[in-house]
Amino acid sequence: MQTNRTLPARMLPNRSRTSVLVFLLPPLLLYGAAVLFPILQSLFLSFFSWNGISEMEFVGLDNYVRMFIADDIFWRAFLNALAYLAICLVLQLGGALVVASLLTSLTRGRELIKTLYLLPAVISTVAIAFLFVRIYSIEPVGLLNQLLHWIGLGSLERPWLSDVNTVLAAVSAPEGWRFTGLYMLIIYAALIAVPKDLEEAAVLDGAGRWTLFAKIRFPYIRPVWITTTIMATTYGLRGFDIPYLMTNGGPGQSSELLTTYMYKTAFTSTDFGYASTISVFIVIECLAAVGLILFLLKRKADA
Amino acid sequence: MITQTAPAPSALVPPTPAATRRRRRPDLFRTLSRVLIMLIVIVQVYPLAWLFLTSLRTEQDFATGDPFALPSSLTWENYAKAFETGDLGRNILNSFVVTMGANILIVLLGMMAAYAIQVLGFRLSRLVRGLFLIGIIVPVQIALVPLFIDYSAVNLLDTYQSMIIPLAGFSLPMSVYLFCSFYEYIPKETYEAASLDGAGPYRIFGLITLPLSLNTVVTVVLVNSIFIWNDFIFANTFVLSEELKTIPLGLQNYIGAMGKVDWTATFAAVCVTITPLLLVFLVLNKAMIQGLESGATKG
Amino acid sequence: MKNLLRAAAAAVAALALTACGGGSSTDPSNVSPAGEIKPRKISWLLSRPADGAVINIMKKLAEDYAREHPGFELNLITTPDRPSYIQKLETLAAANKLPELFDTDATPFAQQLAKQGKMMDAEKLLKSLDVYEDYRPGALDYQRFDDGSLYMIPFQFELEFIWYNKALLEKAGVAVPASLDDIPAMCTALRQAGITPIAIDGQDQWPLERYIAYQPFREAGPEFVQKLKKGEAKFADPAGQKTVNWMAELGKSKCFQDGFSAQGYSDAQNQFTSGQAAMYNIGTWELPSLATEKLNPAVRDQIDFFTLPTTAGSVTAANEFVSPSGIGMAVNAKTYDPLVSDFLKFALDKYPAEYAATGALSPTTDVETAVPANATPLYQKALDQAKDLGEKQAMPWDTQLDPTTNGRLQQELVLLVQGNITPEQFTATMDNTIAQNAPKFFK
């Protein structure tokens, strides 16, 4: 962004105003109609009490007051969502970076492994949820508990999805696991674009693997890394399917996320006004998260 | 975005004296990394293998046996059942139409927007970029009711468009973002040279930006296809007729009374429905390598 | 900024348009509209198994009707997964796009639709078609709202039993419980013998919610939940406390399989049919899996069932228990015309015989259910229970409570049974939730 700050990033010296419009208008049009307009409608709804079939009743900031002050589930869901995000990020970004780096050192079979690694992403969430429910099960005993038993950690055996202390981690893991391959591909594509002469020069200067990674590769892929982080964060904060299918937020509210709570408020409680209020909060929460990521990663880049 | 300034290596990397250690380490590292990769691959592949094996089990064997053991007998009966229960061919076709339609919009419009923002540049480009950011992060679920009302007002309900438009709209920001960050890698000099040759913005888009973005296109298509192929929420909300049902909706036909599910048949159907996506992946993977190789000049 | 405001104004207009344009032109009680029958395509939005008996029969009847009335077509749009269905129904209702026929339980949401005149009066409709008297009173009662009004037409009739495995009970040295209060002790004995007492589908949540309805139904009758949902009765009341403590005790005695909250419908049934669990609470819709030769031969001869036990001082009788008539079909008042009326007359007249022929219990009494050839003796025994039913029935609470309270109850119930919260905490949370939400729905 540094270049942008001083002057608009204008790579082409002679371009007309019309050409900007020609390129910009069609995407904005689709985007406005499919995304921005409904968001505005949502924002509008958040000031109303409406169940879909009744007359809409203007309630001012009542929904917001209720959310911040009177709703214990909301805060629980908020904290859960943060924990869920943290686990997903570690699995997705950490896992992706490690595997992508390992892959670059591999001489044969890269393509095969890349494809295999991506497999979980193509399976529908319904099947994934079903499989993991069985993996975590204890009665009948599932794969995870069986494994723990075999390696002598029998004391850790538990119903992972029913234990209020483990359920959140248990529902985060499949989501994290599922998309690691995707992020790995993106990071891998960036890693492989790191100029060989830069790396070779560093190796000649005696750089170890870690130094090579930290000083050469990572700075080079930083823009892609930021994009990937933002992508993973926003998808993590929007995470919905797997917790919804596996536990429906339970037991109690132990795995309730803001998104599942919002969905239930809208379509189970038919409280569209309040659900919109929660989604406005999610939008702001995501904006803040993205701002924070940009701030942190940029500062490191500038340092 | 950040302009790429890779630090000069010699200035930052202190030389290590132990040259011998360096020669041994890669071997150990290589073995370790191989083992690690194999382990991770097993973790990644296992579910699909399990899915496929389960789809070959008899219902009885699935119900009574250990679900993680090898099946006691194999049967193709579930596949027959799967084809009998649902119209899988039509579901796959519909998912294909929706995925293709949305992908074309996402790629084309994404490239155009990124080109305008990153390459052409204009005064409010930061604002537009911020506007797109909102779309990346809004949870799609809450747009359902407004969208439904809007679509019914313009008579778009129960059409391919009603699925394609929101799917493309919500994926567009990510595509714009990806294209933007990849366009940064295209050096300014390339454009300047073309400009000096008298090429206008349209020709430059067609002759330089478009061909160079090939690998990004593959990435964007790859990422979005996964989400769109398995999208349930928009399809379930906007589609009513049997003829337009996509795969995730079709899989619903395997749910029986009070939530009872014939899992072995469902898994057979899942196996059938992910096959096209898998094939596309195998093909795209090749295209991706080519894209990467031809893009080697870009850096 | 100006553009933003303009867009917001447009949004207001779009929403207001649809929200207010809901006035219907037809009188919901005018069940015999005058005029010519003009065949057209009509739709039924439903939540039933795609290749189940109801859909197959209605498809066939629609084809028969179309032969006499060229141009007629019945478009069946099914979403078997209930939460997805409810979402679809609600969005359609919000956009005022409900089709001619649609499925719904007698929920508070449906009652609001009825109040707005969006659904035809089913009692008048059935009477005008001269079939009202054929229906089992219990099947119609299940569809009624609290005020006794009827807006949905049933297509099924089911009885819920507790199925059990004789051999496993014997092994643990326990008998069929004479009272609901015997069940915790029974579970303890079964657990000591290494047997899972009850297999339950925790994922779908309604099965566990059935259990909390049992004690109050015996203790205070069907009125308890009707008062509870409006905040007129409380969990803190004696009948409420009895069920809360009983549920906690079921949990303490480890009645349900470990980790039940995440186990699905098929898992639970498999545990019972594979002889791992001793008891399983399910309705007659599972007769084809539990009382035919499809059942695992190893347990086939060991399976029996008992109906909901009574308690000491029970105000309801042993032949009164949960007997739902399934999700009902509502008739859209806005699109009701001579064609819809004529088709319903045709279909409702022929439906019971066709349905009974599939081996299921018809919601009417004018037909005899055909027992399938591969049935075990238990099949007939189960059907016979329908002949001797009391007047009252236990209503599933998930159709009674307002949706927010219902959702919270389902969540807290799991915590209560798992021992994560005390009965006191449960009582306080739930009474508080009802006090907050009931007024909005039952004003």
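Here the chain labels run A, B and C in written order, and each chain numbers its own residues starting at 1.
As a working rule, contacts are C-beta pairs under 8 Å (C-beta built on N, C-alpha and C of every residue); 3 or more make two chains touch, one makes a residue touch a chain.
Note that the structure is a prediction, hence the values are computed from the model and not measured.
Contact topology of the protein chains: fully connected, every pair of chains touching. Comparing the chain pairs A-C and A-B, the larger number of C-beta pairs in contact belongs to A-B.
Between the CA-based centres of subunit B and subunit C the separation comes to 39 Å, rounded to the whole angstrom. One finds 37 Å separating the Cα centroids of subunit A and subunit C.
Distance between subunit A and subunit B, defined via averaged C-alpha coordinates, is recorded as 14 Å. Counting partner chains per residue, subunit B has residues 144-146, 149-150, 232, 263 touching two or more of them.
Among all residues of subunit A, those that touch two or more other chains are 36-37, 41, 45, 52, 130, 140, 272. Annotation for subunit C: residues touching 2 or more other chains are 11, 14-15, 87, 91, 94, 264. Within the complex, the subunit C residues that touch subunit A are 4, 7-8, 10-12, 14-16, 19-20, 22, 83, 86-87, 90-91, 93-94, 109, 112-113, 116, 118, 196, 202-203, 205, 257-264, 267, 271, 276, 402-404, 406-407, 410-412, 414-415, 418, 420-421, 437.
Looking at the complex, you find that subunit B touches subunit C at residues 60, 62-64, 85-86, 144-146, 148-150, 152-153, 157, 232, 236-237, 240-242, 252-263.
Residues 1-4, 6-7, 9-10, 12-17, 19, 22, 25, 29-30, 33-34, 36-37, 40-41, 43-45, 47-48, 50-51, 66-68, 105, 109-110, 112-113, 115-123, 125-126, 128, 131-147, 149-150, 165-166, 168-170, 172-174, 176-178, 181, 184-185, 188, 191-192, 195, 200-202, 204-205, 215, 219, 222-223, 226, 229-230, 232, 247-248, 251, 263, 266-267, 270, 273-274, 277-278, 281-282, 285, 288-289, 292, 295-296, 298-299 of subunit B are the ones touching subunit A in the complex. Against subunit C, in their complex, subunit A makes its touches with residues 36-37, 40-41, 43-45, 50-56, 130, 133, 136-140, 159-162, 164, 246-253, 264-265, 267-272.
Those residues of subunit A that touch subunit B in the shared complex are 1-4, 8-17, 19-20, 22-24, 26-28, 30-31, 33-39, 41-42, 45, 52, 95, 98-99, 102-103, 105-106, 111, 113-128, 130-131, 134, 140, 142-143, 146, 177, 180-182, 185-186, 189, 192-195, 198, 201-202, 205-209, 211-212, 215-216, 219-220, 222-224, 226-227, 230-231, 234, 237-238, 240-241, 259, 262-263, 266, 272, 275-276, 278-279, 282-283, 286-287, 289-290, 298, 301.
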